[in-house]
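Got some structures for you, see below.
In the two assemblies presented below, subunit A is common to both, partnered first by subunit B and then by subunit C.
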Partner chain A sequence: MKTEAKGDPAMVSTTNSDVQWTLRLYVAGQTPKSLTAFDNLKSLCEDRLKGHYSIEVIDLLKNPRLAKDDQILAIPTLVRRLPLPVRRIIGDLSNIERVLVGLDLREKH
Partner chain B sequence: MKPNSLNKKKKLLRGTPRPPVLRKVPTGIQGLDELTGGGLPKGRSTLLCGGAGSGKTLLAMEFLVRGVKEFNEPGVFIAFEEQTEELAQNFASLGHDLTTLVAQKKLAIDFVYIDRSEIQETGEYNLEGLFIRLEHAIDLIGASRVVLDSIEQLFSGLTNTGILRAELRRLFLWLKAKGVTSIITAEQGEGSLTRNGLEEYVADCVILLDHRVTAQMFTRRVRVVKYRGSSHGTNEFPFLIDESGISILPITSMGLTYQAGTERVSSGIPRLDAMLTGRGYYRGGSVLVSGSAGTGKTSLAAHFAQATAAGGERCLWLAYEESPSQIIRNMRSIGLDLAPAVQSGMLRLQAVPPTIFGLEMHLLAMHKLVKEFNPRSVIMDSISNFTTIGSEVEIKAMLMRLIDLFKMRQITSLFTSLTTGDTFVEANDTRLSSLMDTWLLLREIESGAERNRVLHLLKSRGMAHSNQIREFRLTNHGVELRDVYLGPSGFLLTGSALLVQQAHEQAQAVVREQEAGGKKRELEHKRVAMEAQIATLRAEFEIEQIKALRAVAQDEERATVLTDDRVQMAKQRQADAVKARKTMTNKSGGA
Partner chain C sequence: MTRGTPDPELLAEIDNLRLRLAEAEETLAAIRSGEVDALVMAGDHGEKIQILGEGDLIYRQFIETLSEGTVTLSKNGDILSCNAALAKTLHRPLVQILGTAMRDHLSPEDHEAFGAVLAQAGTESRRLKIHLKTAEGFLVPVYLSATQLRSATPELVLCLVLTDLEEVISAETTLRESEHRYRELLELAPVGIAVYSEGKIVFTNPAGARLLGASSESLLVGKPIADFIHPDGLEAAQSRMRRMMAGETGLYPAEDVFLKLDGTPINVELISAPLHYKGIPAVQTIITDITRRKRDEAERERLMRAIEQAGEIVIITDPDGTIQYVNPAFENVTGYSRQEAIGGNPRMLKSGEQDQAFYNGLWQIISSGKTWRGTMVNRRKDGKNYTEDATITPVSDAGGRIVSYVGVNRDISAQRLLEDRLRQAQKMETVGQLAGGVAHDFNNMLQVIITYAEMSLAKVDPEQPLHKYLMEIRRAAQRSAEITGQLLAFARKQTVSPKILDLNLALASAQKMIQRLIGEDIDLVSQPGRELWKVKIDPAQLDQVLANLAVNARDAIGGVGKLTIGTEKVSFDKEFCATNPGFLPGEYLLLAVSDNGGGMDRETLSHLFEPFFTTKAPGKGTGLGLATVYGIVKQNNGFINVYSEPGEGSTFKVYLPRAEGEGADKGMEVEGAAPRGGTETVLVVEDEAAILELARESLEHLGYTVLVAKSPEEAIRRSQEQAGPIQLLITDVVMPQMNGRHLAERLTSVRPRLKCLYMSGYTADVIAHRGVLDEGVRFISKPFSLRVLAGKVREVLDG
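Right, the complex of A and B next:
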């Protein structure tokens, strides 16, 4: 695990890909589950996509309209908006293996 | 929410004198409010279960749309199966413009998209997203009615049923706390109300929709399985989905509570009216005309239709066998022109193929027609056609409801029924007879190589009707009833047999007359003969008499002559001898 970009949703280029990853994490308030999910996501991205990803955290309590617009059902939900196709992962992202499958990152390993 | 529930608890602890009566939210759906005694439980969830295509979505949406239109209560529809556009299209065909309602902020539709293949579950989660969407939609339009259709889709989209069940429990509690009246639809499971056991969570009111095919006939039914804190109809009730939405057969009308009037309506046939104590059928009465093929049932009905229309009242004719134009043509042949009544709108000839839908559908269709056209008399020609789509018991149940409807609305109804055979003609319709106030039986009597029709008035409740059989004739100026002729042997004579009998009797009369004349003449002859005989006898007698007298005279003459001769001879011989001889003769009588 690398720690350079921790807590910073900035874009950092890496050597293995130029593809820019756009991720959105939908939460409902600062619940322990949301925080766990964000932490898990952050560390995963740093590990696999260092330098070419962005994470947008959306609090649906503040912006409930987006729940409908973005078809959010479960909380927390992670949506991979880019690269296409759009992929959805629900849960606190504690099962890393499933997250990798869900984000289509596994075969690169 | 918390302070609210605390307040409630406090109130309960204080002890209210009377527990609050369960309040209900009318659905506005025809028949459903009667079935549930006023609607769905207010502020609670109702589980609406049924198989695929049983009309769950439609009923649920109608609950919302009617809520908006009739009670000004906005509603939220959470769709798990159909997209908003699809829903709008589907309901446009039922006359509901969802798009406009949405634009007016009276209705909110949220399509929840779930695709298992696109969702990867990675640990703990909850359905807060759904709650947020629901709350957002409810608050946005101030909704008091909510539909979740069908929430079971969550089970196919999400694998962690443990989480799902906990979240559903939370959702239903949340809905209750929110104070919205909701319908949760669910797919019916095998041997259970719902496939995923939703009835565990939603237990206040459960409505089951069912559809089945019997005798190739599709029938939808609805049943209130459970309604906590309320009485409800427990039977299955048929319902209809058509261009005006759902209508469930109203059950409250089945109460035998109608008022029986004494007003009469003409049957259209003067002689038949005469048989019915001179004034015809009772208004609001039910009349059954049964008879075998070609006995003139339809003609009898046509007279009634004509009489209704002529009286300035509307008549609804449901033809299950013939097209309107065929009826008009056929009735013209007996001098009844129904066309003017049809044109003036007083008579409505409605052709209904009997097999187009099931019995219940017919019943519902009838309800709608009657409501729409508001006739004073209804003719159903003929109810026998229902036997192709239902059992006798079912037909009777349907007719019972139908007659009840007619009586509630004071509609005089006439049913024709085709009976098979002639001998047991009455047995066929006996079951129906109990529903009918007046029962006319048309029969054919075969005699002298022809069939003739007779009419029996088997019964007519509430009047001292005639018990005589009448000959029923179809003439070119309509139906005519004639007295039947009882021949000398006591048998009915009709038609040409009647004519033959009459001719025969005339001939007999002539013969009798002739015979009587002959006898007179014969007697005269006899008298003449007798007199002649008497004359002959007298003549003979006279001759005899003459002969006898003559003989006597001759004898006397001869005796005289003899005596004279002897005197002469004695004179010639001796007078003594003559004297002696005379003495001898006198003494011993001989010489």
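Right, the complex of A and C next:
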């Protein structure tokens, strides 16, 4: 189910080549879905954002307190920090369509 | 319609709530749909992560697939869990392991150490080497690493990782064994192995120490390697090492001279290679002492040279007789080169002089392992035969099998030739002695026959038939005397009076005689040489030589032809004689007699000078002619060579030594007319009655007054009794009590004017021994004819 953030100032997607994406993936050690999420994310970024992304993997098993930053409840969770607005997708990111929509990537760049 | 405007704060709050609700719904949905496998939970000390379901699948798989055993223990040391590897190592099913005490699976020896690990406080990992005990009781060495775990329960848990050390140990063992074997190899190697780095010896094995004359390796370690290399070769050795280190190949094995600890030089063979010794570049060298080998090589070299230079022929063949080696002497003697001989068979030298049985016998002896010694005639490459003394020895290996034959042979052809000559000479000598002995007795008898015949002739009327008979008797006797004279000449026992002659003069005066002998059909050509030296020879002997050679030539020509006689002076030095057998060094007069007759073959030539050898028909020739010549020439210290080829005629070359002193007599006796007698008184002394009687009658016949004596004593008495003069003493030279000379001396001391004439049929040696036969001595040899006697007597009395 897609969530749309109301009142978000930057609702218009600004997905053009010049923008640097900063993505944060929250994992729990080497749980299968953590691994899968990372793998999928990596593929996706290479595919769509080559050259202007950075992924930060946060292993909450090692440091659970970091969950607070982005108010993570379930793992794995992907958080798009940049470009704003912040977007969040929970799960192993296997549903590409949902991920694209959630990150506002769709087909057009 | 206007209601009251809602509170913006409230609106914001609602929005926020909506957002948060949405998030919560989203999260719940994600959880429910199984899209997450971990949750953030609130814990006692902050957030905690709870892994759901299969979240730890990967970890578990790691553990299970590890080849190392893993164990989780409670604080008490009980096994809470373990992986498959441990179960396999312990040879137990899981059910026998879980819940049991860890120490139960350890070797009892390790219980104490393990207990300490368990009790150890702190979170550092602890390491230990222990032995696990399998279900069967086998001990497996393992390396234990223990870590304390923080777990959910208050119980402390230990995690162990057990690494099977068997392989490691086995690898270690293998390595150790390998090292051990390597070390043993070094220890036992019979060749020296040394390692040096930075110019110093860092290692040497026992053989190396021994080689360098050190009682232990430690004496050498640390010493500079240069100390052990002979200074002459040091630079070369260092250069070689540098090149080897630079990667050059083909430098080794190299030979060098090393010095032992005490300075003794030894020949060595080196094989060097670079290596790393304790991390530093170094050189490892295998050193072999080849001093003995070098010495053996030098020895073999020396032997080889001896064989190569030996005058004897050396042939080496394989067991089948195929030639493997021949030395230069072989090449020289046989005329076959080394290349022609090697690979061939000694049968190439067969001359045909030995039959097959000979060779079969030879082969039988040597193939049975014995040495064969003998003489055989072989053939050179050019077809000429040569004689050799051969010694053929089989050579066997340690097992007694023959591996080769070695022949050492000496060419004795020259030796044989000399032997043959010697034998020839001895033969002549023997015959000569025989002849001499016979001739003496014969002489006396002939003397009797001749004289009586002459006296009878004087008393018989020439018209009477008796006269003719007597003439025949005398001729026959004279002829016989000539023959015995020749025999004695050959026997070299004839008494002779050598005189100094000019050959050309002698030749001139003999020309008529020679021409008469050879007849009209043969041309006589004279080639006198110039400025000839003189020779010393009895003229009668020279005549005999000329006569016999002329007759020989005449018979060889057998019809019309040419006879050439030449003279020349020649001299031969030692070198000439060394290379020309048959010549003696010195100055000689050459008398060469050549004819263009039929020539002689080799067979005839070999028998030429033998007495009684003749190629003429029986009755035609005595076979003594050339033997006489030979005897005369030898007696005069000359030598004679003959050159002849069938169909090419012959040349006899007589070499007579140059005479010492000067003065050439004419010295040729001329046959006078009738014998002149005399009236003097003659004393004849002769121990043989018949001769004495004969002499008396002969002399009385000639008119002399004859006194006779049978012995020297009687002669002395006679002389004393004789009142009147005695003009001539004729005495035998050899008599029992006193020789003729002494008698003469005795008598002439009393009768100073007494003249002497000696007579004898005895050997020249005997007479010479008794002091007669000086130059000019009046001598008459028996048998003599009346004429000769008369002449001599007259001569002496008149002289």
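Note that the second predicted complex is superposed on the first by the 91 of 109 C-alpha atoms of A that agree within 3 Å, B and C clash if a C-alpha of one lies under 4 Å from a C-alpha of the other, contacts with A are read in each partner's own complex, and residues count from 1 in each chain.
In the analysis below, a residue touches a chain if its C-beta (ideal position, glycine included) is under 8 Å from a C-beta of that chain, and two chains touch if they have at least 3 such contacts.
Since we're looking at a predicted model, the values are computed, not measured.
**Student:** For A:R87 in the superposed arrangement: first (subunit B), second (subunit C), both or neither?
**Tutor:** Touch status of A:R87: first partner only.
**Student:** Touching A:A28, do we find subunit B (first), subunit C (second), both, or neither?
**Tutor:** In the superposed model, A:A28 contacts both subunit B and subunit C.
**Student:** Return first, second, both or neither, reflecting whether A:R65 touches subunit B, subunit C, both chains, or no partner chain.
**Tutor:** Both subunit B and subunit C are touched by A:R65.
**Student:** Overlap the subunit B and subunit C contact sets on subunit A and report the shared residues.
**Tutor:** After superposing on chain A, subunit A residues 28, 33, 60-61, 64-65, 67-68, 71-77, 88, 90-92 contact both subunit B and subunit C.
**Student:** For a test of understanding, state which residues of subunit B touch subunit A in their complex under the given definition.
**Tutor:** Residues 110, 112-114, 118-130, 132-133, 135-137, 154, 157-158.
**Student:** So in the complex, the part of subunit C that touches subunit A is made up of which residues?
**Tutor:** Against subunit A, the touching part of subunit C is residues 15, 18-19, 22-27, 29-31, 33, 35-40, 43, 46-49, 51, 54-59.
**Student:** In their shared complex, at which residues does subunit A touch subunit C?
**Tutor:** That would be residues 1, 3, 5-7, 28-35, 60-61, 64-65, 67-68, 71-77, 88, 90-92 of subunit A.
**Student:** For subunit A, which residues count as touching subunit B in their complex?
**Tutor:** Residues 26, 28, 33, 36-37, 60-61, 64-65, 67-68, 71-77, 86-95, 98-99, 101-102.
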